[in-house]
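See the structures that follow.
Here come two complexes built around chain A, the first alongside chain B, the second alongside chain C.
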Partner chain A sequence: MIDIRGITKTFDGFVALRDVSLTIGEGELVALLGPSGSGKTTLLRIIAGLEFADTGEIHFEGRDATRMAARDRRVGFVFQHFALFRHMTVRDNIAFGPRVRGRSKAEMDERVERLLQMVQLEGLGHRYPSQLSGGQRQRVALARAMAIEPRVLLLDEPFGALDAQVRKELRRWLRQLHDEMGITGIFVTHDQEEALEVADRVVVMNRGAIEQVGTPTAIYDNPATPFVYRFLGNVNRLPCSMRDGFALVGGLRMTLKGTGSESVSGTEGIAFVRPHEIDLVAEPAEAGVPATVRHSVVLGPMVRVELEAEDEGIIEAEISRPRYRALGFAKGSRVRIVPRKAEVFLDDGRRFSAQVLSPDRAPRVVGSPQG
Partner chain B sequence: MDAALQMTLARATATTERRPVQVALIAAGVLFLVFFLLLPLAVVFGEAFSRGWLAYASAIWEPDALAALRLTLLTAAVAVPLNVAFGLAASWAIAKFNFRGRSLLITLIDLPFSVSPVISGLIYVLVFGMQGWLGPWLEAHDIKIIFAVPGIILATVFVTFPFVARELIPLMEQQGTEEEEAAVVLGASGWRTFWSVTLPNVKWGVLYGVLLCNARAMGEFGAVSVVSGHIRGLTNTLPLHIEILYNEYQFVGAFATASLLACLALVTLALKSFLEWRLRDEIAAVGH
Partner chain C sequence: MRPRAILLRRRSVLPGFGLTFGVTILYLSLIVLVPLSAVFVKTSGMEWQRFVAAVTDDRVMAAYRLSFGGSLIAAAVDGVFGLLVAWILVRYRFPGRRLLDAMVDLPFALPTAVAGIALSAIYAPNGWVGQLVAPFGIKLAFTPVGVVIAMIFIGLPFVVRTVEPVLLDIEKEVEEAASSLGADRLQTFRLVLLPTIMPALLAGFAMAFARALGEYGSIIFIAGNIPGVSEIVPLLIVVKLEQYDYLGATAIAAVMLGASFVMLLAINLLQRWRRARLFGD
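Moving on, here comes the complex of A and B:
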């Protein structure tokens, strides 16, 4: 178990981490997810002992490791650009850890053989890193980190330097490896899909602080902050105003749910709407946010429509192909955007779910808030 | 046609000059090489052997010439290892760490390049000479530096100061610190990391630095001339010896000794090419 308590770290006046606390359980695979500059890599490096926190503590299995040198921590670290020893063969790279830790030759050979097999690189032990493909190098880096039988495996953007196909393959393989070996793992990524697909638990970071910790499902279905909502990708923002327990989005009345929602009135806020929770209706229509069709792409059974709304900029909607065909839109068509569901974050910090009450009936309409 | 092949062909034509331009450029390069390198080298050997093998051999097999050769080799043997030790330490510190005074250190390393060698020699005369700062103290303790071997070595070390460091700093900076970090996380000590990760990664840079440094150490004239005192058989290095013979119109002796110095340079070059050829796979792997 790794216990991170109140870590703060500054670099020349730039606050990289601000009072970060996090507990990672035995055998868990955790993703640190965030944009660049969010402090995720710094946190990983502090766990590894490659950086040291200004304040705060780190405990491994209940023992204080805050000041422990990196070489004594027994952590496996996989670098973004692999950092393989370029003058050593694959075999010597993997054997480096056991060798400097004074393992016997027989034990070392046995372990290298086993790891080469694990990363499916049998027969390539005599090659130099420059003679390997990106995916193979990454697997060598992983085997090298595993060779010291680490208490935790730390991976810094492990698939960032690889092309899409290899990335996907390695991602699945890492998950499988983790399930088989049961090792505790922490990986850093800025790719939300990667985090949601691979990790048991996702830690979303922003500006040196943790925004939300949860399972991929919880994070995706229930983002705690506007930042998480935005960062988890593909979400539209529509301004709205509250009146008597309703949110008015482009003249459309959406019912707020949650305690205290009945009395909400007179506040402004932002409604976050996912593309697949948007419906489009043709003009003339009574309600909805007016917009113009700019572009559409067929993605399997769905069509992604890119729209330009007058005040809100670009909005993305995903509707079914039959629906799209029925609407008969072309580039430049005037349409109305009608959200079915939304998460509303009020300017005063409160937050509610909102939905159109009877989705199968035509949306109820009120006069626009301005007039 | 295969797309990749098409790209290669397109690139080849885009960066290839027309025939006359090609010929002119190659001719210019070859002519330059002939007039400024091959011809002088040929003249040196031609003059050296102008009176036949016997004259050549006796010009070299002469006590003063042999003493000059010994002193030159001794100077290089001391200056080069010192330079390697300093160059490694300095470039390691500069490329892998950020500390106060880092840019000052870089400037200091470049100093011998920007100062005239004669001035470099003069500095030592002013510090260690009879009339210099430390002169009286040195004399009282019977230590001779100027007009003696220590002065020659000091001046040579100063002049060759930047060679290894200048070769290694860009290389180490380009390689970054990730491999060292990987080694440390895997459990290696700082010392172990240096010997088994940092040093092997720059060993070709070190070799180039050593060759350059060695060539300069053996060939240095200006700085050594100032501190040497030109005592035959005692404080003359090969370049100084050549100058004396030349000034005394002993052309065969001068050119014979010059050919000896040229041979030393050719031997180092051959050694370098041989090592590169033997270890080409490894060099490609390290990416120098």
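Moving on, here comes the complex of A and C:
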């Protein structure tokens, strides 16, 4: 178990981490997800002992490891650009950890053989890193880190330097490996798809702080902050105003859910709407945000329509192909955007889910918000 | 159509290969090959016994010992301190770093005679350094020690400038990887850093050695040039020439030429080994 308590780290006045606390359980595979500069790599490096926190503590299995040197932590670290020893063969690279820890030759050989098998590189042990492909190098780096039998495996953007195909394969393979070996793992990524696909738990970071921690499903379905909402997948932002427990989006009345929602009135906010939760209706219509069709792409059974709304900029909607055909839009068509569901974040920090009740009936319409 | 187009392009990739190659060969012949072969042509006029006698004479043998032995010591010292200087220049940012960086090249740029005069002024018994050690009965200038000092001086930049790019190339992550795998600083240096810079260090060592072997100007001032004690081979050749012993001079020159050739060959092999090691070609 790894216990991170109130870590703060600054670099020359730049705050990389701000009072970060996180607990990682035995055998968990956790993703640190965030844009560049969010502090995720710094956090990983502090766990590895390659960087030291200004304040805060790290405990491994209940023991304070805050000041412990990297080499005493028994932490396997896989670097983004692999950082293999170029003058050593694959075998010597993997054997490095056991070697400097004074293991016997027999034990070393046995372990290297087992790891080569695990990373599916049997027969390539005599090669130099320069003679391997990117994916193979990555697996050597992984085997090398595993050779010290680490209590936790840390991976810094492990698939960042690989091309899309190899990346996908390795991702699946890493997940499988984790399930078989049951090792605790933490990996850093800026790719939300990667995080959601591979990890048991996702830690979303932004500007040196944790925005949300949860399972991939919880994070995707229940984003805690506007940032998480924005960062996980495509999302549209529509300004709205509250009145008597309703959110008014372009004249459309959406019912707010949750405690205290009935009394919400008079505040402004932003409605976050996923592309597949948008419906389009042709003009003339009574409600919805007016927009112009700019572009449309067929993606399997769906059509992604790019729209330009007057004040809100580009909006993306995904509707079914039959629906798209029935609407008969072309480039330049005037339409109305009608969200079915939205997450509303109020300016005062409160947050509600909103939806159009009885979606099979025509949306109820009210006058302008001021009226 | 396509293969033809490629063929045409391939031909135009190296325009005037014949011309440039011809000029290169001519230039090399005039400037390098002809004068050098003259050395061998001249010595080939000697009988074998006279040649052997000329190049194994006691005074000549003593000069070889000084030149080769001194160069070896100097190159070894340069290897250690050159690595240290390169390490400091690459790894640390400190005030005066650029100045130090420029100073490394001084032995390259300085006329050798200037270096020679400066060195002998400092290390002579009445010079700055010389008078510090003189009370202990240690003489630096006008002894083999002085010769080695001058050789160290002129060879240093070769090591620094060959090792520097390789040190710059080493990613910080490689050292971090070693440390997270459990290596201490010494193990990291011995097992990871040193093997990586070793080929460059050896190449720098070989170049410093070759330079020390051929150095003349800066050494003769500080050496004292006592026959059999502090007389280097290049000086001996000049001495022979001044005594109108042209054959003796060229015989020694031929031996030195052979030695230089072997040195350069060794350097080239080292470079190739390094490339093969790191880039797998």
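Keep in mind that, in the parts below, the second predicted complex is superposed on the first by the 369 of 371 C-alpha atoms of A that agree within 3 Å, B and C clash if a C-alpha of one lies under 4 Å from a C-alpha of the other, contacts with A are read in each partner's own complex, and residues count from 1 in each chain.
Everything that follows uses one rule, which is that a residue touches a chain if its C-beta (ideal position, glycine included) is under 8 Å from a C-beta of that chain, and two chains touch if they have at least 3 such contacts.
Here the structure is a predicted model, which means the values were calculated and not measured.
With chain A as the common reference, chain B cannot sit beside chain C without a clash. When the two structures are aligned on the shared chain, A:85 is found in touch with chain B and with chain C.
Of the residues of chain A, those at positions 48-50, 69-73, 75-77, 79, 81, 83-88, 96-97, 100-101, 128, 130-131, 144-145, 147-148 touch chain B in one of the two structures and chain C in the other. Here chain C touches chain A in the complex through residues 171, 173-174, 176-184, 187, 191-192, 195-196, 277-280, going by the rule given at the top. On the chain A side of its complex with chain C, the touching residues are 48-50, 69-73, 75-77, 79, 81, 83-88, 96-97, 99-101, 128, 130-131, 144-145, 147-148. For chain A in complex with chain B, the residues that touch the partner chain are 48-50, 69-77, 79, 81, 83-88, 96-97, 100-101, 128-131, 144-145, 147-148. On chain B, the positions that touch chain A within their shared complex are 178-179, 181-189, 192, 196-197, 200-201, 281-282, 284-287.
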